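There are two complexes below, and they share chain A, which is joined by chain B in the first and by chain C in the second.
Up next is the complex of A and B:
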């Protein structure tokens, strides 16, 4: 196959004029030069991967406004409100912070039990994954290696995050208060008692 | 006599174990020492059931042994078995247990809060009565 291509390429050419008495005047010059190397055996090239990553499929039971139980992390057992699914596929979740101390947080839907309770949320400001991006750790200088520099590298909440949290709380908390006992429900933690088995329970 | 409810043709029984849990049927025939042929409304149809899967009710209807499903249905309708069943404690208890299992997390929370509150009231009343006596 390759040889056939090469020969066809060689056969097509342009007539170019050459100066000089003994150079023959004109000769055909190939349009495309033949390659300097080609493999002895024809090997198949693998097909190009045209796969486009689809956005994470959200469980049918999780909807903006649904109350969800966190299963892992420092806030495990807490019941929180799902605000939306972020472009990264993670759930954007908040306590609300005023109610149970869970701030605007990203959570994977696999670390969550969805309950059937839903809160009617008003229109919320647009939030993306950008606000959760942490600034890179400061690089150490040679000099600073011997200096005790502890404490500076700890994470501090940005002012814009605090402001955003207040804004979200101001929208979500009234929606929660509308439902009877929902606020105290969100304040309480989920626990298992004797005889309760999660696979047998309805949430 | 020790026993009031007998395993007999026409005895209405309540299925408490297995796939058809919560449904009821009429004993139509006995297969062997441990199995019954039971026929009930469309939920169970006509099937063989183990004795330990079944709890007997007070209701009994008149049907010949091994009779057809149609006969069973008409006899059940005539005696008003469905209404009598709904009044039995077996059916009521099962319905209550089922309803409790279907509760969501929020409902369970509300029930717990209500129970705690009522228990507190009961205990304080009892304490007051003890003090006064």
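Up next is the complex of A and C:
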């Protein structure tokens, strides 16, 4: 079939005029030049990968407003409210910050125990993954390679995040306070004591 | 023989006095006995013995507890203290009548056994939030009790305090 393609390509051409007595006057110039190389044998080309990644499937027990126990990180053991699932697949979670010091944070659902307790959340402002992206460290050039810049690369919370946290807290905290004892529940940490086995417990 | 029968009541009336070894057994496998099925498909349910097949098997029926009339091994059942008058081999309709007449479900739920089972079931079905609330409730109660005890002990300690010698 390759020869057929080549011949079809060569047959479509422009009639171009050439000067000179012995050059034949006109000739067809192919629009597309034949390739310089082609394989001697026809080989199969692999099928094109048309896979589209599906969004991460969220556990049925996790729903916007459900209380969840964080299992890893500095906030391990804390009970926290799920706000929504972000486009990246991670859960957007907050203490609320006013109640237990957990800020707006992204968490993978595998590092979380979902409880059956749910909070009625009002309509929240739209939040995406963009505000959580950390800015990369500035790369040093050759001269500054060994100069110590007195470690000012520590992470500072942006004013935008602080404002957003206040806004979210103002919406979520009243919803939490509506339920009896829920605020003190979120303030407490989850622990296992003797005789308690997570696989036997109902959350 | 009348002395023994008077003490142990109805269920041993039929036994002649030479079976004195039976005196220590108070719960008998008999038609009308309410049993707790401990294992198998109908585990943790109660039913009434309807018929005794042989040494190892009984026919059991629990029309209001979801136990169909079926043959059950004696090793899978546990005898309760409840027993009612039921002719042996009675049909399910008769069992239903006896069950309703004697308010069996209510009598069972009154027993300590049933209350313990219910408590266990409630504890297992607690959510994480429920466990927290129970913890706070116990704390509050214990604190009240402690302050009361301390105040009581203060009065008692005063009573036994030795006078200071000058």
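Assume the second predicted complex is superposed on the first by the 161 of 203 C-alpha atoms of A that agree within 3 Å, B and C clash if a C-alpha of one lies under 4 Å from a C-alpha of the other, contacts with A are read in each partner's own complex, and residues count from 1 in each chain.
We adopt the following convention: a residue touches a chain if its C-beta (ideal position, glycine included) is under 8 Å from a C-beta of that chain, and two chains touch if they have at least 3 such contacts.
What you see is a predicted model; the values in this text were computed from it and never measured.
Once the complexes are laid over each other on chain A, chain B and chain C cannot both fit and instead clash. Once chain A of one complex is fitted onto chain A of the other, the partner contacts of A:34 are absent, as it touches neither chain B nor chain C.
Of the two partner chains placed by the overlay, neither chain B nor chain C lies in contact with A:23.
Across the superposed pair, chain B and chain C both touch chain A at residues 67, 69, 79, 115-117, 181-182, 184-185, 188, 190, 201-203.
Residues of chain A that touch chain C in their complex: 67, 69, 79, 115-117, 181-182, 184-185, 188, 190, 201-203. Residues 67, 69, 79, 115-117, 181-182, 184-185, 188, 190, 200-203 of chain A touch chain B in their complex. Residue ranges on chain C touching chain A, taken from their complex, read 124-129, 132-133, 136. Every residue of chain B that touches chain A in the complex is listed here, in rising order: 101-106, 109-110, 113.
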